[in-house]
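Labels run A, B, C, D and E following the written order; every chain starts at residue 1.
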Amino acid sequence: MQNHHLGSSLSLFTGTDLVCFRGGRTVFAGLGFALSPGEALMLRGPNGSGKSSLLRLMAGLGQPLEGALTWSDESIANDPEAHNARLHYIGHADPVKPVLTVTENLRFWATLRPGFGNGEDAIASALEKLGIGHLADVPGRFLSAGQKRRVNLARILAAPASLWLLDEPQTALDRAAEKNLKDAIADHRAGGGMVAISSHAENSLANARELDINQFRADSP
Amino acid sequence: MNGFLAIVRRDLRLAFRQGLDSLMVVAFFVIAVVLFPFGVGPQPNTLARIAPGVIWVAALLASMLSLERLFQTDYEDGSLELLALQPVALEITVMAKVTVHWLTTGLPLIVAAPLLGVLMNLPEDGYMPLMIALTLGTPTLSLIGAIGAALILGSRRGGILLSLLVLPLYIPVLIFGVSAVDVVIGGFSAKPQLLILSGLLVGALPLCPWAGAAAVRQGLE
Amino acid sequence: MFHRFANPARFLRFAAVIQPWIAGLTVLLFAVGLYLGLLASPADYQQGETVRMMYVHVPSAWMALFCYTGMAISCGVALIWKHPLADLAAKATAPVGASFTFLALVTGSLWGKPMWGAWWVWDARLTSMLVLFFLYLGYMALNNAFDDPGRGSKASSILALVGFVNVPIIKFSVDWWNTLHQPASVVKMGGPAIHASILSPLLVMGVAFTTYYLWVLLIRIRREVTANKVRALQMRQASRGEQ
Amino acid sequence: MNGFLAIVRRDLRLAFRQGLDSLMVVAFFVIAVVLFPFGVGPQPNTLARIAPGVIWVAALLASMLSLERLFQTDYEDGSLELLALQPVALEITVMAKVTVHWLTTGLPLIVAAPLLGVLMNLPEDGYMPLMIALTLGTPTLSLIGAIGAALILGSRRGGILLSLLVLPLYIPVLIFGVSAVDVVIGGFSAKPQLLILSGLLVGALPLCPWAGAAAVRQGLE
Amino acid sequence: MQNHHLGSSLSLFTGTDLVCFRGGRTVFAGLGFALSPGEALMLRGPNGSGKSSLLRLMAGLGQPLEGALTWSDESIANDPEAHNARLHYIGHADPVKPVLTVTENLRFWATLRPGFGNGEDAIASALEKLGIGHLADVPGRFLSAGQKRRVNLARILAAPASLWLLDEPQTALDRAAEKNLKDAIADHRAGGGMVAISSHAENSLANARELDINQFRADSP
């Protein structure tokens, strides 16, 4: 049970002995992970096991009841804004404003990131990479579920960040888009980026570490 | 500062694209005030007697009603979560939203107030202090309201709960706002009242974004 | 010391022991206080028998303020140190405090009719007391407004802290604005300024109200702890069988 | 009839489980009334003069605010879509929801009204006609409001838009409701006013569920 | 293009020459399908091609711009309630009320169906079939995304209906639950039921007819 999966001390982003308390119950306890540049972590577990909850802790949305999350050996809670600057998060919802065009939506999020400047090209190429270049000037309200998801994914391609936290990112995607996503993740890792991803899909990413959250259930019989 | 401006620009654009937002607040303001002659009867001197109070109460209600959506839409489509994960302090984000709220509702209310003064037979001396008091008071309403709007995120009830939280805290603004008009009509100077209104504003300015950010943070957990 | 009763199980044991004592004390104090107040003390030469309203009005007004202060402190502790009992204490205090506030408002206006000739006047003390009542209601409504009870207690804690600005306003409203209401004569700088024959029943009633509050608080916290256990059971049920 | 009862039973159960719903409406009612003495000043005879009007306006606002959620929560979680797909006429569903709205808000308002009469110094003769007028008027408010609540489904603005749609339609109820109280205080009989209020109710009873169902239907498309 | 896929005239549920207009554009045109008892129709197509839109038309939520939907050669628009009585629809959302227990949630929906009576056993066995028998008395608020979805699926097992319209029903399900769903569909078809289902998954149902909506794009280049 107290299987910490501690990586080498070279790991950049680590969690130790995490306890997650949510909705009045302990979801998991004693959970640990470690991520180094270029690595991917796949979160596995049945419905309600706490995949989404773990990703939110990693993002700093909420604090663990116990345990520590560190980046280069410093707690991420010490400087939340610095942590924010180095991560991208994809949750269950797709924040696409219906009255803004796809480009306007992306531009807003990109201008909040450090070192974005005037990267119109970055936006256009992110859209191309996800196969929605033709939607650039379409207002968000005309998009279907899968198209919105693609816009949300384009957001994280438009401005760089070293840690990607993806919660079931392939939801609503068709097969072409799923392929695009896989390619983008591979590119990101090749450039030294890190990914933590939750998924129910059978197939995995290449060379990904797997973390079965069910092992850390607090109330397992 | 950059982040502040980017958020203000986006929210203003959203407000203008969605159109009519400010117009609707003004319309509510007018309707709420107009209900009174129906309720109280149209005798000019009764109306004049209660004019400042009715105008202020209507302004309170209009401001409160429009507050409900301050964070709500961003919360629902996941934007708020994402805003909290940007390298911009959440206090700044809250302040930006409050600013836009005031620009799109407080300001139009101030512009519309003289018209309502005419409808309600407000004595001539009252216009000047009414405008000044509204200018000092409405930003405070937006600031206080932001806390309430953040607290109700994710709750099962919207407007009615918000009103219960916010209206009691609005009462000081109401008291001094009305009294500023009344004393001038009565022939005295409104300086003490206006000073207190400024004091309330200066007090709310640092406190409310801070408390609002805390409320948003726990709402996202 | 601080964490000695943090463990709900230990607290339950402790509460079970002292609850009967507090209950007995409350009954005793009420008996003494009411005897002194209603029978043994003189009627006021100005106000006549109506002065006896004071023995209910003043302690309940005190308790209204005391409960809110206690609630705000608990909320602060719950937010900063995440102390589980602090949350329960705040949640258990709110309805009690609201009832005391309501009682103070009702007895005040019953007293006001003979004294001021009106059930209700809009002066600073009465008004800020009414706002306090709304703050209690807001706290309870917010606490209940979420599907996830943890969310409710956090949100309402923030509200309770923001609303605390009202307490000093109530306390000092009679000094800052000239109002119809009586200024402080018991709890003030330089000692009490009323006669002992009135003061002693008043103080006994004050203590009786306080022990009554503690009694109710214990009952409510115990019930809340039990409810949490049930909830935890349901929760465990929800996550069972998913291996 | 079976479907009607099933929906009424469910919605009542929801209201009671969520607790405090009615209490909150009453609290708003009280707060809204209490705002006026702050605004208008506490002279007993001014208050008595405007008491019926203020109480009615507050009842209008309280009813309106609570209407916002009439269909909203069911709309958001997909229940409304599903209700429209059951073998129960949508008109019946709307009628059931209106009934529950009145039971949980109109009825408590009527019960709370005498208390507010005391706060506002309402003359003694006024209590009886106030209660009767509220009993006849509040169901009409719930019925009319249901149309508005259905029309705003899916719009990005809640309360404020609703108020614009609904308040103008509330005005007849307001006028005759207030006048019923005023004439009795003035020493006359309120029979004509109460007859008109009954007429409004009888007119709204078949019309509003029908229009409400049409509005829900277009909101779901 | 005008490939109608018309089935034999024995088909029970058919669509002919359907044109769907949504969000300001024609999503598909000239689309036809036919379903006979025991058959399944898999809707295929990339994001935004109109799968969800077609399922909604089949359910009667919205009318096609042109074309006809018929059941035993009678238009479904003639008697919407009769159509409702014979269909079950699963959309994107899971209507599970947080304050009602799982059984209470299911019982409400079941009592609205014809011929349900007092089928407590039906509810219990539906829960068992989806592997959530242990959740029967748990309030909805404690459920994770996948658990809610299972409750929604149990709903359609608890009261019989001959036509199932399922929009990406496997969303959020883990592998065990996906298996349960497949079994339930097979049972339903074996009993003469019909299914129309949209899905991005690669593997298909046994003997299912496939309909590639992309063929009917109105604006295909």
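Methods note: contacts are C-beta pairs under 8 Å (C-beta built on N, C-alpha and C of every residue); 3 or more make two chains touch, one makes a residue touch a chain.
Since this is a predicted model, take the numbers as computed values, not measurements.
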item	value
Required steps from subunit D to subunit E (each step between touching chains, minimum)	1
Chains contacting each of subunit C and subunit D, listed by label	B, E
Per Cα centroids, the chain farthest from subunit B	E
Inter-chain pair with the most contacting C-beta pairs	B-D
Distance between the centres, which are taken as Cα means, of subunit E and subunit A, whole angstrom	32
Computed distance of Cα centres, subunit C from subunit A, in Å	47
Distance from the mean Cα position of subunit B to that of subunit A, given in whole angstrom	38
Subunit C: positions in contact with at least two other chains	127, 134, 137, 141, 147-148, 235, 238, 240
Set of subunit B residues in contact with two or more other chains	18, 156-157, 161, 164, 167-168, 171, 221
Sites on subunit E at which at least two other chains make contact	92, 98-99, 141-143, 147
Interfacial residue positions of subunit C with respect to subunit E in the complex	147-148, 234-235, 237-238, 240-241
Partner subunit A, residues of subunit E touching it in the complex	23-25, 45-49, 52, 92, 141-147, 149-150, 168, 171-177, 200, 202
Residues of subunit B touching subunit A in the complex	2-3, 6-7, 10, 13-14, 17-18, 74, 76-79, 81-82, 84-89, 220-221
Of all residues in subunit B, those that touch subunit C in their complex	147, 151-152, 154-157, 161, 164-165, 167-169, 171, 211, 214-215, 218-219, 221
Subunit D partner contacts - residues on subunit E that touch it in the complex	59-62, 81-82, 84-85, 87, 89, 91-97, 99-100, 104, 108-109, 111-114
